[in-house]
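The two complexes that follow have subunit A in common; it is paired with subunit B in the first and with subunit C in the second.
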Partner chain A sequence: MEVTSRISTRSQILKGIQPLIGLVVIYVAFAAASGTFRTFDTAQTILTQAVILGTMAAGPTIVLISGGLDLSIGSLFALVAVVIGLMLNAHVPVAVVVVLSLVFGAVCGTLNGAITVGTGIPAFIGTLGMMKVYRGIAELLGANQDMSKFPDSFQAIGAGYLIPISIMVVCFLLVYVFLSRTRMGFNCYAIGGSNEVSRLAGVPVRKYYLIYYTIGGFFVAVSALILAARLNFTNTSWGNGMELDAIAAVIIGGTSLSGGVGGIGRTVIGVLIVTTLNTGLSHLGVSSSWQRVSIGIVIIFAVWLDVVQRRRELRA
Partner chain B sequence: MSTGVDLNGPPLVEMRGIGKNFPGVRALDHVDFSLRAGEVHMLLGENGAGKSTLIKVLSGAYSRDEGEIFVRGKRVEIHSPADPLELGLRFIYQELNLVPQLDIARNMFLGTEPRAIGFVRQRELYDTAARSLERFHMNLDPRAVVGRLSVTQQKLVEIARALVKDAQVLVLDEPTDVLEDRSRQDLFSVINDLKKSHDVGFIYISHRYSEVHQIGDRVTILRDGKNAGTFATSEISLDQIIEKMIGRRIEAQYPHLSPSREEEALRVEGIRREEKLKGISLSVKKGEIVSVTGLMGAGKTELGRAICGIDPCDGGEVYVEGRKVRFTTPERAIRSGLAYLTEDRKTLGLIQAHSLRDNYGLPSSPRLSRLGFIDHGAISRETDGFMQKLNIKAPSRETRAGQLSGGNQQKAVVAKWLGTRSKVLVFDEPTRGIDIRGRSEVYALMNELLSQGIGILMLTSDYNEALEMGHRVIVLYRGQIAREFRRGEAGEEDILRTAIGAKIN
Partner chain C sequence: MKKLASLALALLFVLCAAGLVFAGGSGEKAAGGKITIAYTGFPGGQTPFWAQMTEYVKEEAAAQGVDLIDLSPTVADAAQQKDSVDNAINRGVQGIIIGSIDNRAFGESLRRAAAKKIVVVAVDTAIDDPQVTALAQTDNLSSARVMGQYMVDHLSTKGKVLILGGTLGHQTGDARRDGVRQVLEANGFEVIFRAADWDPAKALEIATNELQANSDIVAIFGAWDPGALAGLSAVKQRGLLGKVQVFGFDGLPAAFKSIKDGELVATIKQDNKQMAQVIVRSLVAQIKGQPSVKKLLIDGFVIDKANVDQYMK
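This part shows the complex of A and B:
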């Protein structure tokens, strides 16, 4: 949480802690309501559930702090998954598949950045377009293909608890180091705070945007690799709406949609809130439709808190 | 209908004994002002004399601390921007306030469209608009899209919009600033017609003093927040007006400027950009302050931004310490030792929501990182160091920039740029919006920088500041250097005359 608390007045620190309190409250409430929820097993399930969303949300954390937005990551998730499936079908060695899919994800991320930075098209529109493009290409490539029954060495990436959770933790640590220790991470906050102030201060804003989007694409690929390995198949319909789930998790954690404020610690909590809520509600036998309703309410509530606090700060 | 200024009956607007204080500044001091039907009343004064404060009190943007306001003889309370509108007062600001995508009629009746059960009555809308435009002697097509009109025509639309809402008082804030000479005449003839035929009163703020006798009936001159006199324009000459405006002001303490060195810090040769900069050459020595002044729009800010690589130039060369620098980006300009300290500290100088420390570290981050990793410890240490050295008053380095006073924000901006080891600082309006004590501190700080061999190019619209804080003063007129004065060679009057393009002897 050091990154977030650095920009600190007392209220800022408080704001960083609020989502954590929310997470604890939600967990305790479910534990009280359901005996089976209180087990180590459930905790493990929650973490495993969190892996896909968590690795995916690592990217938007950076992109949103910099003031950008990438709506195409859900479709890119499907496209990377299809590319993985096709490569494995063609008996490409697993190590090569891993490396190439990560590179592919990153390059697509760069392309997203280039479209918005290079043309001046708003990120919302540019990446909305790419969302359709990636989905379409994924469908074209994956049509009538049986992409399943992958080699054991590939399945190992997503098997059990230990490896996927470790991968997620490493992803979080990488983003933490990036945001809190590197110059590009430091400037990410400034760019999100004010693009023009940063440009006048000599920050190569456009170049950095490209890099932030590239990192976003990279984490999409990580996420797709884990899911493909765990389920032992891939499908062109994957990732539908996932871009919004990931952005929602980032925002519930307390990163600002308008940029300049946030951190990976917040995203971790946001992801855990979403998955705890889903897992807990399933435990209580609540349908997935009602789960969606409750996530929606949590998003609105989290952002409302943020708005209220910001208004109070402005008055202070 | 009257055909001249109505001298009987109560004035349209009367402001009596208006006082307004800001922290450390008495912005308005017992100002009396009145406007009669059918007159154009000019409001003149130097920057900071209180013109816009007075207008903001009238518009409800500021609440007054003392005094009373009367409209048509009745005492009124103006607390919010909605109040004066109900009283028939309209304000037309420098920036255009129209929806460019809509046509003239739509703009004129925005929010007050003739309606029947929720639907806009199209024909009535356009007919009324056409009739009104004719009545106002404006030769405009109500169906023309506003965004495609010339600036003058857009100004006219704004005036028409105010008039159809039954405005009797129009406040025009530097309306001709963006206009060409010919279009100014068009605007003037419309104003002249309107004041006669519609009994409208105009408050006209301008810094083009030559307009006083072209359009004004009376003139009020403000100086240091006080009314320095109200005159019929037929009874006062331009010379007398200038004299009244300058007077003797309460000023911030200026330091005794350190002498400059011989070596050159900055040299600019023939810098050009569109119509805004028409080939400007100048040089600044180490430890020297060169003031650049002129009217708004003369090219000061454009010059600073061009030198520092922020806006692209069409031609010209820049040398820092004798080495030619070719830059297209602020990044490269900064690396070669230039820093641009923007006039707009709030939106361009500091990230208001971020801490002092994060703001400080921003331009210095290349220097303060190794292999891409940033040295947070060093940023914190240097921030603390500068806060102490420049006497920045803030609880801690983690304080958000937006919480500081204007003077302290300016010092924070200076700290931020000193961190980049700049050799030349381009200050754009270094003391705008800063109270007197803060100004004295900023001046002392600038003087301190000189002894370190830093060269300063100061862009300012405050003539007194330009004279007192500059080893040399360059006056710009329409994108060109009109004249350069050595220290002590000129007074404020000479600067003012040069700035408005008048000949001096």
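This part shows the complex of A and C:
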């Protein structure tokens, strides 16, 4: 059972490089257009602004490659944030808060996987349901609670550039190692390529799916921890639409929505494209409504490239 | 394949060029001498109060002869607004006006601004931080007390009053809740407070549920007009118009129309035009090193059926 991702045809390589070319072009264009954009400060800011989306998108990268989908992560983000806020309000020690919220995120991820795998409900529907469930629970727990003014030691998690960016880089490295160095990781590609073939080849597909979704939940918690620390408050409305932002970043990077193809490197590029576009357009004084329009165009464009290439591969 | 890649490049270039066009050639020159300030407010798409504020800020900036960059996010997302402040700092503006989505989110960005000697001022919502050097806002607490007294005077039966609030911990929302609540409770009313996160859909849902659960609600106070109007819809849906009185806060055109139609009882008019003018002038004066207004609390006043005609255009 060879892994599909290992087939490095010319088009495969090119496909990985296109988003990178896009990123470089976007960056250079903005740098040429705006003097304030081509500064070290701005580069640092782009990376910092990429942290929340980046850590969040690490999970969907794995889930999408395996052919799964998790729409509940935006709501789970809010729920984890509320749980963090409540624990900090109750003066739970910061280290315990961090560990418990990561465990909580992972457990919720497992639950998502279990619902999809256990019932055979399509992932789209199963996780759509959980999206409502998590949001509702977040509102039940967090309504009428002031969750803010956290201890300094907690705020340090999201303060400045160094710590949040380092956390993001570690997350990316973990996913990289998982996908390229572990059996569970590269089976992700096989399962995404063909669920049925993998199962017949003896891959424990159901068990692995549980693990992929669990990892997704874990990274949601990482992301929520950083934002709660950074903003120094949490509330129940967080994460609205974030699941789609994360999935969009993964897809812009070139990971296929239909599974089997992709990688964390592509997600890094996808996240940076989104963040660079937002920051760059801000530097040019473009309103945030136009920023949305441009991100939308980039998503369509990226997926269109994918479609065109698939068609060419079929013909070849 | 080559063709495709070059097509990709071409399209991306078009996109970037389009960005430049949208910008209207606003490539600001730091050496040009003209002052550039940035504004980031609550999204105007969600509340007309803020759409008006953006316009007033732009008008006043033009009147003062300074360039204004509007970096307001399109959704009420505190993280996005913090990013917009960071972007403004990197752009090298001389001053930033913040109408905050959540006043608690900016600590670190404000210290970065201070390190770069960028003046930061707040409009509408106070930001509790020494780096924020001026504030223009409605005196929410005292205006809410005025509203509370008005409600006491106009409610014939004692009972429960539902307050539809903003986001919990948000300075303006909390002040409006506290002002109304203090007066009502002192006069023997029971107050039910629910945070609606400045979201009319949420306000409608909460009001519907509370009206269902508590038949003895005699009035609803919405801490912002769209929330009050959402509460009014819930009252109408349950056929309680006239039995449950609804009061608002903001003084938006939609609220005036509703007052004129005899549905909403009253609202507090906030002078967002004066707020915008004062804060832009204060910011520009501070950048120029001139004396400036550091804090202006503007009193809101009650608009009801008796005086609404004067304020309707």
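In this section, the second predicted complex is superposed on the first by the 310 of 316 C-alpha atoms of A that agree within 3 Å, B and C clash if a C-alpha of one lies under 4 Å from a C-alpha of the other, contacts with A are read in each partner's own complex, and residues count from 1 in each chain.
As a working rule, a contact is a pair of C-beta atoms (placed from the backbone, for glycine too) under 8 Å apart; a residue touches a chain by one contact, two chains touch by 3 or more.
This one's a predicted model, so the numbers in the text were calculated from it and none came from an experiment.
Colleague: Answer with first, second, both or neither: which of subunit B and subunit C does A:140 touch in the superposed model?
Modeller: Neither partner.
Colleague: Between subunit B (first) and subunit C (second), which does A:103 come into contact with in this model arrangement: first, second, both, or neither?
Modeller: Once the two structures are laid over each other on A, A:103 reaches no partner at all.
Colleague: Output check: A:95 vs subunit B and subunit C. Expected answer is one of first, second, both, neither. What do you get?
Modeller: Neither partner.
Colleague: Between subunit B (first) and subunit C (second), which, if any, makes contact with A:173: first, second, both or neither?
Modeller: It touches nothing on subunit B or subunit C.
Colleague: Tell me the contact category for A:279 with respect to subunit B and subunit C: first, second, both or neither.
Modeller: Only subunit C is touched by A:279; subunit B is not.
Colleague: Would you check which partner chain A:125 touches, where first means subunit B only, second means subunit C only, and both and neither mean what they say?
Modeller: After superposing on A, A:125 lies clear of both subunit B and subunit C.
Colleague: More subunit A residues touched by subunit B or by subunit C?
Modeller: Here the partner covering more residues of subunit A is C.
Colleague: Enumerate the residues of subunit A that count as touching subunit B in its complex and touching subunit C in the other.
Modeller: No residue of subunit A touches both subunit B and subunit C.
Colleague: Which residues of subunit A touch subunit C once you look at their complex with the stated criterion?
Modeller: Subunit A residues touching subunit C: 10-11, 14, 18, 21-22, 25-26, 29-30, 33-37, 39, 41-42, 45, 48-49, 52, 143-149, 159-160, 227, 230-233, 235-237, 240-241, 278-290, 292, 294, 297-298, 301, 305, 308-309, 312.
Colleague: Name, in rising order, each residue of subunit C that touches subunit A in their complex.
Modeller: Going by the criterion above, the answer is residues 1, 4-5, 8-9, 11-13, 15-20, 22-24, 26-30, 69-80, 82-84, 86-92, 102, 104-105, 107-108, 167-169, 193-195, 197, 199.
Colleague: Where on subunit B does subunit A make contact in their complex?
Modeller: Subunit B residues touching subunit A: 310, 329-331, 333-335, 340, 342, 347-351, 353-355, 357-358, 361-363, 365-366, 369, 372-374, 376, 398-400, 416, 420.
Colleague: Which part of subunit A faces subunit B closely enough to touch in the complex?
Modeller: Interface residues on subunit A, with respect to subunit B: 6-9, 181-187, 189-190, 193-194, 196-204, 260-261.
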